[in-house]
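Take a look at the structures below.
Two complexes are shown next, each including chain A; its partner changes from chain B in the first to chain C in the second.
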Partner chain A sequence: MTDNDQKQTSRREMLRLVGRVGVLGCLASLAGMLTGRLRAGCIEAGPACKGCPDQDGCDLVTPPTVWQLDPAKCTQCGQCATDCVLAQSAVRCFHTHALCGHCKLCFGYFEPGARVLSSAAENQLCPTGAIQRRFVEDPYYTYTIEKDLCIGCAKCVHGCGMFGNGSLYLQVDHELCKNCNECSIARRCPANAFERVPVSEAYLLKGQGEEEGH
Partner chain B sequence: MKTRGIWIVLTLVAVAVVIFLSLRRGGPRVPQAYLYDVEQYREAETQVPLPYKETARWPLALREPRAVAVKGDGPVVVVGDRVALVLDAAGEELRRIELADEPRCVAVADVVYVGFLDRIVAYGLDGEKQAEWETLGEQAYLTGLAILGDEVFATDYGQRVVWRFDAEGKMRGRIRSASKSDGFVFPSPTFDVAADGDGLWVVNSGRRRVEQYSPQGKRGTMWGRSSMELDGFSGCCNPTHIAVMPDGRFVTTEKGLPRVKVYAADGTFAALVAGSVQLGQDAGLLDVAVDAAGRILVLDAADRSIRIYEEQPDDG
Partner chain C sequence: MIRFPKPDFESGYVLPETQTVAARAAGWETLDVVLLALALAVGTWLVLKHRRRGGIVALMLACLAYFGFYREGCVCPVGSIQNVAQALGDSGYGVPLVVLLFFLLPLLTALFFGRTFCAGICPLGAIQDIVIVKPVRLPAWLRHALGVIPTLYLGVALLLAYAGAGYLVCRYDPFVGLFRLSATLPMLIFGGGLLLLGTVVARPYCRFLCPYGVLLGWASACSWKRVTVTPNDCVQCRLCETACPFDAIRVPSPERESEARWSRVRRMGLYLVLLPALALAGGWTGARLMRELAAVDPRVELVAELDAEALGVKAESGSRSEAFRASGMSEAAARAEADEVKLRLHRAGLGFGGFIGLAVGLQLAGLSIGRRRVDYEPDRQHCLACGRCFAYCPREQQRRKQGSTTEDTEDTKGTRRLLCNMKRAVGTREGRS
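Take a look at the complex of A and B:
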């Protein structure tokens, strides 16, 4: 047997050793995970985890979090419309109807100083016409947000909060958000209004317990 | 040597481009079309004379002051948190009355009437509790009180009525909307009342006007128009509060663009007392009262103070 043969054998043995150690490590990790899962009584650990009452004692997984915008901190600067990585921002206007005054003269819908309270384009505040106004009974109207048209500029949110009841507000729409590790809107938000929230409480809605929706 | 010069120039150009791009990125990038702009209306406030001057400001040791009232040239009463503060004409605290609940509104004559969400409680000026009137029900949401003669009137946002009581708290009636098509509209709890020799002046804030009522509930005149201009009322629900001056003029306060204004007895705009420049854009609801000397007392809840405004002699 030459020196070269001895070297080849050593290399093979070394690879075999590394393989064994790897397999043993994997088995140990798997055993640990199963033990921990059983201990926590958790059957949903993993990416699908939405948190559970026992999550405080859970050392298996950190419940997933998502980006959300705190309406109480938002200053309606308009940057949500321009700073999202998506072509049309994932931040959209939400409306808590229970807080709405159903005003005929809605400052979230009409340009300040609008001469006529009609739905003509020149009277509307929204740059994309994303708010639908429907007559209920004199002098009350109902307002709904067309999600596909909303760009999250917060112009209506500003008007409603300043002159009305503040029933319009921005939220990150999780049907659209890519949940980037470093949210480009959050990074530039001048009010630090963005935060990570548990996916089980993904929305910070006004008027808790009341009907929400677009 | 020539090559080295080219490299220096290229380096300087690259640095300049990087600086330019970074500055450009840091500047305003939000299109004007996305911004809510009421600057022209704020600007209009600076174009008119201010015949009233803030002559004093009384800080209040209250977390959330709610309402203010004054008895002629007598004491001033401020309610908030769970207390009623009785102040003298210089703002010094005379008495502190502990309350059982969160107060919403107040009126004062020889008795201090404190309005809670669903009932009124009467206190002597010495702080003694005199009577607790019956509850007005689960839907009640009292927002304003006024005294006319020996009667007390209370505005109830929850039930959209003005309640009429005698001095002992016995209910004598209620004032409802004059008509369904032209009645009370309140998108938010801004429903105030004041009284003078002409009867009651009720704020119908959703229609952005002030309406006169007899104590029996018959509607008389009304004034006020919906407009972003200085002489009108803007927003969903303005004016928010009203007080009557000794000479019959009115003082109103507004939210949105915070404003304190004086209107003549016939409802025509007379003067801007203070606007968003003086009060700050974040001023909340501003309750108002006027003493016998014509001093305007504005309760600034955001600043937790009472601002005193006095008319300045006309130099002309």
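Take a look at the complex of A and C:
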């Protein structure tokens, strides 16, 4: 190796070292900024921390989160059924029985103007027949969702919310949800009803808050 | 709103609970990080010490199975750049530690040991790597031209994430649909098309699209250790050059330079003088582009819908304007918000476009820098550390036979010198014609 070659090599090595230190510095400051800021005040972490049990003594940067939709914001546009990356949407209808009026004429179950209040297919609002209607005692009926049939179209949610108690509502079912980095339903949701919630509080079920509050 | 009170059942009917399935526990996410770190360590050892393609393939398949098909692609380091960008732009958004580590670990590895992540861990790379059938060599001009795309893509994606306008890279991830066995038709065509193309143009997404690859390339360019084709010295047999499907082996510079030094210097000077003009042009284009791209932001989309309605165009049901009216937010506030998004994107586009202009200019200028290279060696920035070249190197074969001895015998020395001279002679003749 000639002298010139050696000089060239060492100069290049030097540049590389400088570059390495530079990149390392950038990464370190980036990491420091992102972790330090969040550790300083958990409130800064925003919606992700909502409902987190130990917000004050939080030593996590940000708790691991999952997607969930806020039923209070949902406008039942029906896009959840089609906008999910999965063939069968991870959004499904959930039912809080404690809020249900157990009506004989359920507006979440029957097509408006149904001639007979029977479970015949032409009377049902649900396009997949995912709601089971069972007699409890006169004049009450109970309605349960067959999860595997539900496609999250929100037709029943709309009916129940318009004329009933709103005990039917949509939720992201974590049995199906892939927890995409960017939820494709959240991106298109017109009501911005989707948010990230801590894994420990993965559902925003209706009727939970009221019970705790009273 | 309770319109019908809960009935008092006389038959002793018990209300069923709402059934929920718990989300994947946080412990699993920690496992993902541990596995990523482990895979990076093993991969680095395989590439730099063990030097066998077989091991790398095994690691690649294992990672494809776990990070690809089992974990179904989320979160991946490629997408994590956007979370980081969003966290920088929006103080209300926190990057989960897992995502931050997914972002940092492969970069740190690249900074010290080269792009191990690309070689055997990235599921997007792995799925393309297994479909390589007959890679063709791309002409250098095409490689350089296409090589600008990832930088542009990186910039646009980071910008949109920074402005909180969504994750472009995740949206147009061509292979995640395959991992989930569920994709929309356009994405299926895109992913399938890339895989088809990938049979002849090796790893097209990695080389000509992947935004994370740009960062890894930069880190790898100043890496501490690197992949070397030969364990000791090069016999100039050119076998590695043919073995590399990614055109990442750089050839020795010809002994007699094809171009006079002063002409190179003059060209480089010209590019350096042109730099400000390129930066300005880039800035202008970036700002224009960002103004158009702002339309994908939901807040801007809403205002566009409101404007359309004012002109009498009826929006379809389930539209943003409908939800907007339900929310009771004032129109002025919505417009102000949209304008702010636009302004932020416009500014960021200006800065980013200028940066791209500079980068392109510097790259052009850099082409004129003469690199004196004596041996065939992998390009620091573009080598994906796949390990294909090792087995093709006669010196490596010798090493494997003899154990780890690196001493030259008298016999091989002579052969090597002969080979060297022959290849050099062939090389210069080709260079001249």
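One rule holds in what follows: the second predicted complex is superposed on the first by the 147 of 214 C-alpha atoms of A that agree within 3 Å, B and C clash if a C-alpha of one lies under 4 Å from a C-alpha of the other, contacts with A are read in each partner's own complex, and residues count from 1 in each chain.
As a working rule, a contact is a pair of C-beta atoms (placed from the backbone, for glycine too) under 8 Å apart; a residue touches a chain by one contact, two chains touch by 3 or more.
All figures in this text were calculated on a predicted structure; none of them were measured in a lab.
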| item | value |
| --- | --- |
| Which superposed partner A:L24 touches (first chain B, second chain C, both, neither) | second |
| Superposition-derived comparison: chain B or chain C, residues of chain A touched | C |
| Partner chain(s) touched by A:G78 [first = chain B, second = chain C, both, neither] | both |
| First (chain B), second (chain C), both or neither touched by A:P127 | first |
| Which superposed partner A:F107 touches (first chain B, second chain C, both, neither) | first |
| Partner chain in contact with A:H158 - chain B first, chain C second, else both or neither | first |
| Chain C-contacting residues of chain A that also contact chain B | 77-79, 101-103, 163-165 |
| Interface residues, chain B side, partner chain A - complex | 29-31, 33-38, 41, 181, 185, 187-188, 206-207, 226, 228, 234-237, 255-256 |
| Interface residues, chain C side, partner chain A - complex | 1-7, 9-11, 13, 15-26, 29, 72, 74-76, 79-80, 82-84, 87-88, 91-98, 100, 104, 107-108, 111-112, 166-167, 170-171, 176-177, 180, 182-184, 218-219, 221-224, 298, 317-320, 322-324, 326-327, 372 |
| Chain B-facing residues of chain A, complex | 76-79, 81-82, 101-103, 105-107, 112-113, 125, 127, 138-139, 151, 153-155, 158-159, 162-165 |
| Interface residues, chain A side, partner chain C - complex | 5, 8, 15-20, 22-24, 27, 30-31, 33-35, 37-38, 44-49, 60-66, 73, 75, 77-79, 85-87, 94-103, 136-137, 140, 142, 144, 147, 163-166, 171, 173-175, 177-182, 184, 187, 190-192, 199-200, 202-203, 205 |
